[in-house]
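There are two complexes below, and they share subunit A, which is joined by subunit B in the first and by subunit C in the second.
Let's look at the complex of A and B:
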């Protein structure tokens, strides 16, 4: 399947949160568990105000820090989305630490975040959130088509919102959720250039090294053991060594 | 001493309270609470059963598909064939499953054992509850006449208890909150002007409009699915939006212009807009000549109401008023001022809505693309029944356009709401039926049947309602959840939710007339019963068998559908709805055929009928009372995840929005030493308090008003999630101003001060 993406058009979102509940229902989420949150952002001073509804949900980074750090490979990339194998999740919470958007949570001992409804998409349907959105603010489809649609929409919005822009084309290697914003990302509480924190580097760089180090230490301790054992055996043969004071009487008794 | 299990449970119920403990809620509820109990993904495989419904999570009635797996409803979805949902649902609709499996649901018929208001009940059989209820109603009817029993009903199932049974019983005193507490002034204004109400689904031609002016109209917070869809699309197509509101609402966030009007001055703004359109010659002259009467008198009337006159009143600059009027004119007839909902604000609301109607007429948009379409209703016959002893007077949300005839005709039992004396005309207004319960004027109401109306969260002046409940001889409540007013009932009958029952058909007046089906997805949770069954069982016990001659509900529905060549099976084959074509525009009406059934057959700008009744034939501006020093005007409205006082206990909705906040202008809050998150009480001009509630200090509201989301602050209920959360606007609305034309209860006339929680 081609790379897929979601389109989230904040110029259309009316903040009704139908997506929040549709997701909760369709995915049978636990009490307290939600994969979508809608944040209301208002700026300016009375009466010169502006506002927008901004989604807080997994944006499906191409260079996904959560996938990089996941020790059990419960998080993985497929068709542009960041999927979850819940059976494999150990609930370690590394993904919670490294997500540049602060999205994943641990609920009931396992990761909780959008797992993309990819099987619905594969069967020709839409994710629950997309399907229900009354405002038509959500779409799901091949990433190139979604990007083209987003560009067209932004062009049409420029008159109304001079700062209208696409978010997610390049961030984190390109997001699997393309956002249409009516104001610069920083104003809406989104990082203009999101970065994975050093922990991801640690997982991407240091952890492989540390795996090497672990292997090395296992190797050296193996060698050390081998050497020690050889020495031990040699000592037994010569009747000398640290154990001598204990073993000698026994041997004497046996003898 | 030995007890049977039944006796034990009865005593346990009486001892511990009346709602079921977790051990008794049954497998579907436990399954819902556990979630993930069904093999994932649940929607794969053959075991998914699809049934049709129309949503009851608000009264908008969006068509639904209901997915059931192994006897448990898992998900609902918009029915793609339905003209209202078009395959989509709002958050409340999506949470229907959590309503069905709410562990707090009423599950057994109950009879009161202690004082009213103390939740003292014992569980009884349906047989006993129905017998006792029918006995009490029959006694009141025989002793005092059928008009001595009032019937209050709401929700999309209100046909049985708000229309059919009370009419068969013979009481005209049927109140629905949708009238005097919501739409009545608007419907009457439209009736006077166009000869037809706007109807429950505002017929705005969103598809073609280019310029939208919203006045106190909270699209997005008021989450009517179809309207959100149409509104978002209209904006995406580039329609311009002006929002007039004291609060920077969701809709204002989308607006090209936000006009933070001084509360209570909307009519002045509407008059000034008319002034500009007329004095600058910008109105639709041809339309006015062809379709209206009384324009000259209007032109004379509005002469003094210039933008300069309106500016200091509304606190909107004259130049802005003028510019908006000119922009409207540029876009006419594809410019529209939608009528909004819940229009009962200041007690002169019919005149304000008349002004709104006439402004639209000047834009030449009624019956024209981009303005208002003309809706039509399908022509289904009722199930054959003997004539009712009284005429339909209840009105209601879907049926508010049904006409204004006052049914005080000789030989009919009278209405007790003061129509003809307290106010001029219109359907029964629910809040005026409380007074006769206390004073006995114009005649006593001694019994009350209340179906799906939370008496303490919908009817203003709660202390008065409590007083009335103390005096009534008999109170019967039919409901799904243990709302607080149920504590005051003598008998409680637990109804099945809309997902568990057949119901009356939804016969929709619409751009495209249609009929929609509600059928059960699952069996009702024990021991609940469908409304139609309860109404029929009561009817049979009241000697009204002739009105319930159908063998079962399917036969009833098939007979009604048969009158237009349909059947239940056919309706299912069609996908749960059947749609006819409409006549939306004036051009669809031939010569000699008028879409305006007014006395003149034209749009009545000047109303002879109002003049004859001694009322203003053209709308005037009346100033509203100002808040006293130290007080704010109390405004209230909606949250997209909640409906009235009905959904605060819904497990999913309560999780996302568990309690309301009081919005206070950030500078006004700072002056009081308050910041967001502080807990305060609100106290109104009569010393009534509600809260505690958290402060939301925000630039999004004027300094002279505070705002609450309606429906919170449940106190005295047995709703485990909603009880004690937030503040109740309705508790603080101890007074209202009655609209002299329609009897609407203007409720934005209450003032509150903010008191920090000690």
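Let's look at the complex of A and C:
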């Protein structure tokens, strides 16, 4: 399948929470678990107050830090989305630490984040959140089409929101969710340039080095054992103990 | 009946042996459940979170064994720490001869006390990595969810490196145990006097040559079973 993406148009979001509930019910999430959260952001000084509803949910980074850090490969990329194999998840929580958007949670010992409705999309339907959105703020489709739609919408919004912009085209290698913002990302609580965590030294250096050291010492001691054992038995038989002292000969007494 | 007398020397007291095996068992559970997060072929152990639970249960045992050691045999713990960080000129001489010792020779080495220079370094590194692996492990455990990328990376690097040091030390530890037949020291508590003389002559000399430090065990020699009884006379005649 082509690279898919979600369109999240904050200019249209009503903050109605319908997507939160549809997702929770449709994906049969646990009590206390939710894959979408709507954050209300207010800025400016009275009476010049401005506001927006910003969905806080997995943005499906192309260069996903959570996928890079996941030790059991429970998190993986497919068709532009970051999917979850919940059976493989060990609940280590590394993804919670490294996500630049602070999205994943650990619920009941397992990762909890949007695992996409890829099953619905494959069968020609739309994700639960898209199906239920009454404001037309959500769409799901091929990334190029979603980007084109986002550009058209932003162009139309410029009159009303001079700061209207697309978010997610380039961040983290390109997000699998294209957001339409009515204000600069920092104002809406999104990092303008989210940074990938420095995992190279650890995952690419320390861990292979540690495993290598283990394998090498197993191999070395395995080979050396046969040499050392033979030489030790030899030395014991000739009675040449430590410092040349002669060990007592083994006596076999006839009883 | 044929028999032989072997002299055995008390190497480790019962409390020391219990602490050793508790610590060893916890270590291996920690090692395997921890490697599940580093070595992909082992990651099935981690699925579902069973290894996470085991890792923490074993961590508690691992963290508490030094405390237990202090409670049941404080002198043993004190000797261990003191000896591990005290090095003499002879120790450096011994270390020069380490390559040949690694390959099964002891005759060229200067006489050693209760623990040799190699064991001292082994113990010292074990103590140091015990501190670093426990500290970073507690950070990862108690700070879970609020470490941030830098905290996670720093703590796991310390944790992984300490693990590598401990695992390599353990491989060496097992290697020398079986090259030099040292296993009985930690099972029965006794080593043969021959072993003590070859490996730790100064320590042997410092022990009172009486029970429970030195005991004599008379064992039957199973040589009669090696040849059929009926042939014994013929062979003797031939």
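Observations on the structure shown:
Basically, the second predicted complex is superposed on the first by the 200 of 255 C-alpha atoms of A that agree within 3 Å, B and C clash if a C-alpha of one lies under 4 Å from a C-alpha of the other, contacts with A are read in each partner's own complex, and residues count from 1 in each chain.
Heads up, the rule we're going with is that a residue touches a chain if its C-beta (ideal position, glycine included) is under 8 Å from a C-beta of that chain, and two chains touch if they have at least 3 such contacts.
Fair warning: this is a prediction, and the values are worked out from it, not measured in the lab.
Measured by the number of subunit A residues touched, the leading partner among subunit B and subunit C is C.
When the two structures are aligned on the shared chain, A:52 is found in touch with subunit B, with no touch to subunit C. In the superposition on chain A, A:186 makes contact with neither subunit B nor subunit C. Of the two partner chains placed around the shared chain by superposition, subunit B is the only one that A:15 touches, whereas subunit C remains out of contact.
In the superposed pair of complexes, A:134 makes contact with subunit B only, with no contact to subunit C.
Shared interface residues of subunit A, touching subunit B in one complex and subunit C in the other, do not exist.
Note for the complex: subunit C touches subunit A at residues 1-5, 36-40, 43, 46-49, 51-52, 102-107, 109-112, 144-145, 147-153, 156-157, 160-161, 163-164, 167-168, 171-172, 174-175, 178-180, 193-194, 197-199, 201, 221. Remark: subunit A residues 65, 69, 71-74, 87-94, 96-98, 106, 109-110, 197-199, 201-202, 206-207, 209-211, 213-214, 217-218, 221, 224-225, 227-232, 234-236, 240-245, 247-248, 250-255 touch subunit C in the complex. Residue ranges of subunit A in contact with subunit B, taken from their complex: 11-12, 14-22, 24-26, 28-32, 34, 42, 44-47, 49-53, 119-120, 128, 131-137, 156, 160. Of all residues in subunit B, only 33, 35-36, 38, 40-44, 74-78, 87-95, 97-98, 219-220, 223, 225, 228-229, 231-233, 235-236, 238, 248, 250, 252-254, 256, 258, 260, 640-641, 651-653, 655-656, 665-667, 698-700, 702 touch subunit A in the complex they form.
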